[in-house]
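The letters A, B, C and D name the chains in turn, as written, and every chain counts its residues from 1.
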Amino acid sequence: MNPPTLVLGVIGMDVHAVGNKILEYSFTNAGFKVVNLGVMVTQEEFIHAAIETNAKAIIVSSLYGHGELDCRGLREKCVEMGIGDILLYVGGNLVVGKTGFAEVEKTFKNMGFDRVYPPGTPPETAIDDLRCDLGLNNRPDKGGETGGNCKKPAAFGTRV
Amino acid sequence: METVKNQRLSEQEFETIRHEVLNQWPTGREVDFQEAVEYQKSLPKKKVFTEAINRALQRGETLIQPRAGTALVEEQIKLLKYLETEGEADLLPTTVDSYTRQNRYKEAETGIEESKKTGRSLLNGFPIVNHGIKNTRKVTEAVNLPIQVRHGTPDARLLAEIALASGFTAFEGGGISYNIPYTKNISLADSIRYWQYVDRLTGIYEENGIAINREPFGPLTGTLVPPSLSHAVAVIESLLAAEQGVKNISVGYGQSGCLIQDIAAVQTLAQLTQEYLTEYGYGDVTVSTVFHQWMGGFPADEAKAFAVISWGAVAAAFSGATKVIVKTPHEAFGVPTGEANAAGLKATRQTLNMLREQSFPQSKELKEEKEVILEETKSILERVITLGRGDWAAGTVAAFAAGVLDIPFAPSRFNRGKVMPVRDNNGAVRFLDPGNLPLSRDILDFHREKLAARAKEEKREVGFQMMIDDIYAVSKGMLVGRPR
Amino acid sequence: METVKNQRLSEQEFETIRHEVLNQWPTGREVDFQEAVEYQKSLPKKKVFTEAINRALQRGETLIQPRAGTALVEEQIKLLKYLETEGEADLLPTTVDSYTRQNRYKEAETGIEESKKTGRSLLNGFPIVNHGIKNTRKVTEAVNLPIQVRHGTPDARLLAEIALASGFTAFEGGGISYNIPYTKNISLADSIRYWQYVDRLTGIYEENGIAINREPFGPLTGTLVPPSLSHAVAVIESLLAAEQGVKNISVGYGQSGCLIQDIAAVQTLAQLTQEYLTEYGYGDVTVSTVFHQWMGGFPADEAKAFAVISWGAVAAAFSGATKVIVKTPHEAFGVPTGEANAAGLKATRQTLNMLREQSFPQSKELKEEKEVILEETKSILERVITLGRGDWAAGTVAAFAAGVLDIPFAPSRFNRGKVMPVRDNNGAVRFLDPGNLPLSRDILDFHREKLAARAKEEKREVGFQMMIDDIYAVSKGMLVGRPR
Amino acid sequence: MNPPTLVLGVIGMDVHAVGNKILEYSFTNAGFKVVNLGVMVTQEEFIHAAIETNAKAIIVSSLYGHGELDCRGLREKCVEMGIGDILLYVGGNLVVGKTGFAEVEKTFKNMGFDRVYPPGTPPETAIDDLRCDLGLNNRPDKGGETGGNCKKPAAFGTRV
């Protein structure tokens, strides 16, 4: 079985590039095929890349605080474009300011994201969740028995 | 390759561009240059940035300045007043939101509307262009300190026009430092041209008797940038600015966390900038320095963040920087509240004051570190000017294309991205991969030896993983990313 | 003059006193020494203080330790566990309340009752004697780290008996350092005798195979104490302790805030203590150092307090102290909450970690500062041993009477109180009035010159007002109390 | 007129001596006659000294946190000893921990203290209040017209 493809990128006018480079490295190391669109990615670019590469998930980063404005409508556009049931993950510093995460999570879940991560979530958390959500064993590139327990997204403020 | 010359814009060139720029958004039409000059002239001395900087230079003091920007006028006023009084700031900022930075004024407008609707700021800064001169003057008039625009805008021409006409007396940025770390697709030739306009505008203000402080953005990507790289950029941007008539420049540097390297960096930065400006005929420019407290990932814990902030203040004090840009205990999470912002300022102030009468000895190690920085920066600059056949602007474009200038982790397509940094065994930032940087063999050996010492200590290869560990290190409570 | 000899207590002397001591309060009868030794032997290594200290000494690491004490057993357990986990402490304390410190066990009992009644601690520490061994063991057993008693008790004989039998593996204090700053009417001869008992008890534990760390209280009054004065006391208390069979000593020093002076102080403290112990035949004692973050008045603002804490951590790191005692952002107000206490620890940890691979150069200024401290301390100690005709205990009593040892701001009647400190122009603590200290003319000139430089800078006389300004300075956001 | 006498001291088992030395210096400089009992002063010692010197006020410091336990009953003992209407001021770090000052003030006012000061109150505040409460002009030792406005005790956390 081919490793599942992920589309990765930093949405909107956001240029925070460091975390994006590390996510690419970590997801690749974990056995995924990563299509990294880098920073300043529009919703349309995410969706086109996902369609083109037949991706299983879109991993959106937003660090700069405009995540709420930038992410609205992404799920709807996916539906329109015929990939309505693709996994949507989002993480980073999603809103402006230091706020309780519960509310942030609700906002983004309501927008149609499957998983929403608080600031500083290590890539490993998302990797575990992907394996679970995609029904994979530990090395998705090494053949795909279902494994692992599905865990809830980490609590607010969890750090490596 | 597209190119650009380091040449003062003629009046005609400037006016042609100006016409276009002021039409980019309705508020551009508020700009009336003569009125703006009169307005600037009417400002009391205590609100003039260069006055504060020059006094600090004279007295050998270090000033403190926060970052702060929020969507709406009234909120911005409240925030700045709080930082002035409770935060005891010496200098104030207005940080501009990320839509404005990419000239997306429509999105900024949405951000303003939504912020009004929800009662909280949905923008990460203050959209100066959208608010326009009349409203922005409300902000600058509400405070009693010099106030600067801080942003990250590759094309800041309209922003500069509106900001300077609104009573800001300092303007951050430059054609390299506000392109390479801050955007993806804008060519360097373009952003340098945009900033020649901003610098020329500044020059015209200067010629009209209005001193405006200009500050190249020192930290670049804020993440393990070796000092010689950011120094090279700072020197070039200073030269480009001076050519357009800028007279007051603050060159910046982002803390590495290695005290000796930081002191060496600030001290060589002032020296190099002054040297090159003089050599190239701009000896009349006043140079000061800016020290940025740690610009990489912060610890989530606020007490730990205070430690990082205070350590930054120590380095600022010992290095003798003219001002320090202050972080906050909320850094790892989001744009800080006024309280968190003031807290960062107060911790910094306390540290600076306690260190005021103390100094760091000019030791052998410090001298060596300075020599390394000087030699590296000069090697790079020499190649830049060679590539430009005597022209700093053209040379810069060529140098980035060739990887002779190459900023780690930068998002720009116009940056080669081959250079990789890593810390040595004492925490100083060295080159893991020097890419195409024109460094001498001695220098390369120096870096290699330093890294070999770390590899030995950690019993592992120098490599990519080490760099990743270093990226995370400060946020995880260390300086050097040791293996677990 | 009442006198006391520096001589090991005979078994008989010890047992006679012990009988009396264990009857001072009902819980004394819980002490069964053999059982206590077995209990101590059963402790895992990770809970033995000297193990942690020795490891830190070997690795050149700096450990962190808070202060913490509250009235009730359950609350004390909760507090310490929190400092262990959230605070990431290396070493734990139990700070004893002020009634116990003055052997007022009845008042302590009232404090316990009232604390139970009101649901908040009315005591400023944990009353070990009143709680007794059974209850106190609940505390020491609840934690996974070495734990020390920190107090300020002139007569700590019963406290020591109960504490060591309760599983504490380290005990702070000494006959001088827990008298002069901590009480008013108890004679030095008495307190030295009391502490000979505590040291002998420690010695007996050592002879039974139980290593116990003893720590003279370095900072004394915590307020502008010149290093040579606290060093002299530390050396004498080490000698007195060693005579009674103590084998593990941590000598302490309270931060002055002047980095060079602080580094010089810690480094000379270890050197001097080791030298004198060896010279007087106690070469087998293991010596380590303790650095106390700023012990004087703190700023009320928590952000500023964090800066003071972090600056203390910097000095601890650069001086290479074996452990650092950590302050909290609540310092100016009151006994800290667990959260505030953990915050101090975390800020300190972050700073220490970031400085782990960095060092401060052995500069000319540092060497000079060290020489001054060495010379002053030796002059004082020489006079002490002369006054004692070869006996450190008798010499100490005589020296305090003569003002040859004289601690600024101490409340004790047995302290002359003639010496007054003040900062010089670089923030180092000097003698405003050397009182009767036996300092050489060169040294006195050195101090005078240093102060003259400050007077000139401030355009005012060296004097009492300068000292008052210095006392307030840190709490008002500076190191040196400049005139307004 | 002779300068009014104040009795000054640190109550209970408290040994914090630095502030006490400064208070003595400041009150003396302000023209008062100061009888400083130093640290570790009992209620009885305060009262005896006040009677003996015909003092107008007792200035109690408590820094170490046991102020609440140590100060109870002082007013009652003053009454018993026939100086029931002497001024009682108290200041320092009166209770254990960092707490709201309003409550602390109430507790000590209920005990019969005339003025209660939060941590870090500068001596000048108490000096102004003394002048007001004793109806003195600025230099009590230079003869005694009534002057000054009586101010309320400073708010919590006020620092010099």
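Here are a few things to note about the model shown:
What we mean here is this: contacts are C-beta pairs under 8 Å (C-beta built on N, C-alpha and C of every residue); 3 or more make two chains touch, one makes a residue touch a chain.
This is a predicted model, so every value here is computed, not measured.
Subunit B and subunit C, compared by their mean Cα positions, are separated by 45 Å.
Inter-chain spacing, taken between the CA centroids of subunit B and subunit D, is 54 Å. For this pair, subunit A with subunit B, the centres built from the Cα atoms lie 31 Å apart. The set of subunit A residues touching two or more other chains is empty. For subunit B, residues touching at least two other chains, in rising order: 299.
Under the stated contact rule, the graph of chain-to-chain touches is a line, running from one end chain to the other without closing. All chain pairs in contact, by the document's touch criterion: A-B, B-C, C-D. Subunit B meets subunit C in the complex at residues 257-260, 299, 301-304, 306-311, 313-314, 342-351, 353-358, 361, 363-366, 425-427, 474, 477-480. For subunit C in complex with subunit D, the residues that touch the partner chain are 97-99, 101-102, 104, 107, 110-111, 114, 120-124, 152, 181-185, 221, 223, 296-297, 299-300, 330, 332-337, 340, 409-411, 464, 468, 471-472, 475-476. On subunit A, the positions that touch subunit B within their shared complex are 12-15, 17-18, 21-22, 25, 38-40, 64-66, 68-69, 93, 95-99, 119-120, 157, 159-160.
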